[in-house]
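One chain, chain A, links the two complexes that follow: it is found with chain B in the first and with chain C in the second.
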Partner chain A sequence: MATIKELSLQEDRLTGGHRMCPGCGAPVIVRQVLMAVKEPVVIVSATGCLEVSTTIFPYSAWKVPFLHSAFENSAATMSGVEAAYTSLKKQGKIKDEIRFIAFGGDGGTYDIGFQSLSGAMERGHDMLYVCYDNQAYMNTSIQRSGATPRGASTTTEPAGKVKQGKVMTRKDLTECMVAHNIPYAAQSVCGDWRDLTKKVEKAMSIRGPKFINVLQPCQLGWGYPMDKTVELGKTAVDTCFWPLYEVENGKYTISYKPKDKKPLVDFLKPQSRFRHLFKPENAQLLSELQADVDKKWALLQKKAECFGA
Partner chain B sequence: MVQVVAKTGNEAMAEAMRQINPDVVAAYPITPATEIVMIFSQFVADGLVNTQYVPVESEHSAMSATIAASAAGARAMTGTSSQGLALMYELLPIASALRLPIVMPEVNRALSGPINIHNDHSDTFAARDFGWIQIFSENSQEAYDNMLQAVRIAEHPKVKLPTMVTTDGFIISHCLEKIEVFEDDVVKNYVGKFPAYTNLLDLKNPVTLGALDLQNYYFEHRRQTAEAMKSAKEIILEVGKDFGKKFGREYGFFEEYKMDDAEMAIVCLGSIAGSAKSVVDEYREKGVKVGLMKIRVYRPFPAEEIASVLERMKAVAVVEKADGLAAKGGPLFDEIRSALYDKKKKPSVIDFIVGLGGREVTHKHLNEIFDELKDLAATGIVKELIQYKGVR
Partner chain C sequence: MAQDLGWKELPEGDTLKAGTAAQFHTGDWRSKKPVKDEKTCINCLFCYIYCPDSAVKVQDGKMIGIDYNYCKGCGICESVCPVKPVKAIKMVSER
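So, the complex of A and B:
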């Protein structure tokens, strides 16, 4: 695995000067992902924060080939790029060894792009799909998505007098990808460069479809000071709200087990989207959310134990 | 050089695709276009093509993957019909905005709802303003010829636009006809090498495609697409003429049948032209000076060229298989009438909406249309501007 010094020497493939928000975790994720890839890469992105902020015509922050087509088709789009590459390579028209990475936010991945992602994973294209999961439609002002956690207030499922934010629990997309029997599926976080780059390196060593779900704190949508992105990412992991793990050919490995699992409120408290949960009348809901995290964490550990972890 | 074979419209189009030998095909089954995909998949399975075939999970992904493959420097194709095309609508203008020369067979079928699998032109008419060239075919031979020409048109440096070639669902797609096909090498030479104007895989010249285009550039880019569409007209004629020289069948924007001395005309497109021509013959025998204009190229719409022929008529009847549902007639009528508006001397134009959802357009229907056209030419009195023929 590369050291941080070695990684820092890599040429930037996504340059600065783009228009992502200050404190945004998405470009941090993208840069770390791209640092971990030695080979030439071609990028596809779904419509979303990342795309609209890095490619405002006539400017582009991308120093590598980049294609955006629509919102829900980033995986299908990469299927086409990869098919073209495979065909042209077989015909001897291309010699380069190229890696293919598709990015999508949680809206473009969990929701509108879910079918396209599922199809691409099932067909076995050689690509890495990275979801930068900030748990709502942040580009269009914080609407709820399938990734929004229960209890979070969003602009389309806000907390009010009779409703306490999102009613349902979030979709577990990483497990959906595991169920596709792809060679590699993992969860990582913005805030642990070592974990993310290691996982990308491993993914790049595998041919076939790979998926990494990266939790990305969003200062705008989550409501916290912009210098706390990395810290909040780490807290999500330390509370086991967002466990770091990987599933390689069906084998579960937990990448990091917190020595002292922190209470969920440590993660919820600094974010304004959960502010209403701390009213006395919502104590029950808060304890249900903690119980849900505990149950899922226990289940994940059991799965890992099955494989001798 | 030429082989005479029996092929359905779908077989003819699949055969053209095999000979074109695209680098990538991404497709999804849909009646009545499914056969094209099935036949082509067999070509792939038998190693008869170099194509990387992507069996996608929807037409939306079919068009997405085709756009991406084309952007990656590959000759890319897909095929679809009706609901499948409708699912692609979001992406069709993205293909033209990126100026990707995709060629797509499209088997015309009625749009839902109610759900119906049979022929009319509501699917491609609804896609008329997406910057795709649209070429209609009367029969399997034309479908085959149009597919080959479509490659030359779409990939021409002055055009660089996606092109769909249509046939009428079941009426052409599933009907066995005698057609001429060319030898593989002849087609290979005819279509030539794919000019990868856009190449995402060119690592030395990294490009950003599909950038966010706001108030200060979007307008110009749309205008450029419109200009490309306009310049496609010249190329369509050039390719059609050249095809005639090489293979003996010349093509233009439309076919004129007994129009030289005609005083009145039927305008239609697709398979209906076959029956309508025989009715023209009957009325000609009775001494009625009627002719037929079969529109082949619906986009870019050859408005001036159509008008310069039809302005000589006393009366025109547009016969079309699509309805604007309370627009001013069907889409073809609307545009033909508008094209004639600036002419000093212009014919009366009436519209007949026929054959929706595969309803048979009979000889009797056509006779009634011709009789009404004859009356209109004689009296100049429009009894009913827009009529439904064959509806109960």
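So, the complex of A and C:
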């Protein structure tokens, strides 16, 4: 595993001057992912904050080959690139070892790009798909997505007299990917560089389809001060709202077990999208959310016990 | 700030040259700027690894400064700085 000093020796593959919000977690994720890859790499990105802000015409912030075609097909586009590479390599026209990484936001992964992702994983292309999950359609001003957690207020499901934020629970995409029986699926966070770079390094050593779901705090959509991005990511892990784990050929490993599991309130309180939950009449909903997190954490620990080493 | 390009300079189709965003300076978004304390910095490089704008300059494993052309002043570098009791990076008002 590379230390932070070793990682810093490589030239940055994402330049400054891109137009992401100040304090955004997505470029942090991208930089850390690219730092962990030693080989030449080709990137595809789904439409989303990352794609529109890093490639505003006529500028591009990417120092690596970058391709974008549409919202729903980053995984399909990557499959094509990878298949062309495999063919050219077979013909002896390319000799280099090249790695393929597709990025997608939660909208382009959980909802709109789900079928192309599912197809690419099933066909077994040698690629890594990284989902930067900020839990709503942040690029188009915070509409609810399949990744939005229950109780979060969004512009299409705002908290008010009728509803208290999103009614349904979040889709568990990492588990969906585990169900595809791929060699490597993992969950990481923007706020633990060691965990993320380690997982990317591991994914790069495995041939076949790989998936990493990375939680990305969004200062604009979640409503917190912009310097708290890393801190909030860490709190999400410490409260077990977003456990860090990996599944290698069906074998579950929990990457980090918090010594003192913090109450979920620690994660919800700093965010304005959960502000309404702290009204006295929503106490019941708040305790249900905590119970849901506890249940999922217990289930994950059981899985690690049953399907662990 | 980079100048707007005329039609002769624009790339054909939508093919862009790699890394050209570096010509676009986002430093003027900033209302507070991070200032490094040379004496107390321990070169842990947390500011480098968590900077969203690739604005922390590192040479041979040492943090050598902040590129104010790109820094948007988010303050993540200050919040991740582990130096105690006074952080080695401080956010200072631009005015």
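Criterion: the second predicted complex is superposed on the first by the 306 of 309 C-alpha atoms of A that agree within 3 Å, B and C clash if a C-alpha of one lies under 4 Å from a C-alpha of the other, contacts with A are read in each partner's own complex, and residues count from 1 in each chain.
Following the convention adopted for this analysis, a contact is a pair of C-beta atoms (placed from the backbone, for glycine too) under 8 Å apart; a residue touches a chain by one contact, two chains touch by 3 or more.
As the structure is a prediction and not an experimental result, all values here were calculated from the model.
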Exercise. For A:181, select first, second, both or neither according to whether it touches chain B, chain C, the two together, or no partner.
Key: neither
Quiz item: Which partner does A:64 reach: the first (chain B), the second (chain C), both, or neither?
Solution: both
Self-check item: Touching partner for A:96 - first (chain B), second (chain C), both, neither
Solution: first
Quiz prompt | First (chain B), second (chain C), both or neither touched by A:76 | solution = first
Self-check item: Which superposed partner A:44 touches (first chain B, second chain C, both, neither)
Solution: first
Quiz item: After lining up the shared chain so the two structures overlap, which partner does A:55 touch, if you call chain B first and chain C second: first, second, both or neither?
Solution: both
Self-check item: Which superposed partner A:20 touches (first chain B, second chain C, both, neither)
Solution: second
Quiz item: Touching A:10, do we find chain B (first), chain C (second), both, or neither?
Solution: neither
Quiz prompt | chain B/chain C common contact set on chain A | solution = 55-58, 60, 62-66
Quiz item: Which chain A residues qualify as touching chain B in the complex?
Solution: 40, 42, 44, 51-52, 55-58, 60, 62-70, 72-73, 76-81, 83-88, 90-91, 94, 96, 98, 115-116, 118-120, 122-123
Quiz prompt | chain C to chain A touching residues, read off their complex | solution = 5, 9-11, 14, 16-26, 29-30, 44-46, 48-55, 58, 61, 67, 69-76, 78-80, 91
Quiz prompt | Residue ranges of chain B in contact with chain A within the complex | solution = 23-24, 26, 50-52, 54-58, 60-61, 64-74, 76, 90-91, 94, 200-203, 206-214, 217
Self-check item: chain C contact footprint on chain A (complex, rising order)
Solution: 4-5, 7-9, 12, 14-28, 31-32, 35, 54-66, 193, 225-231
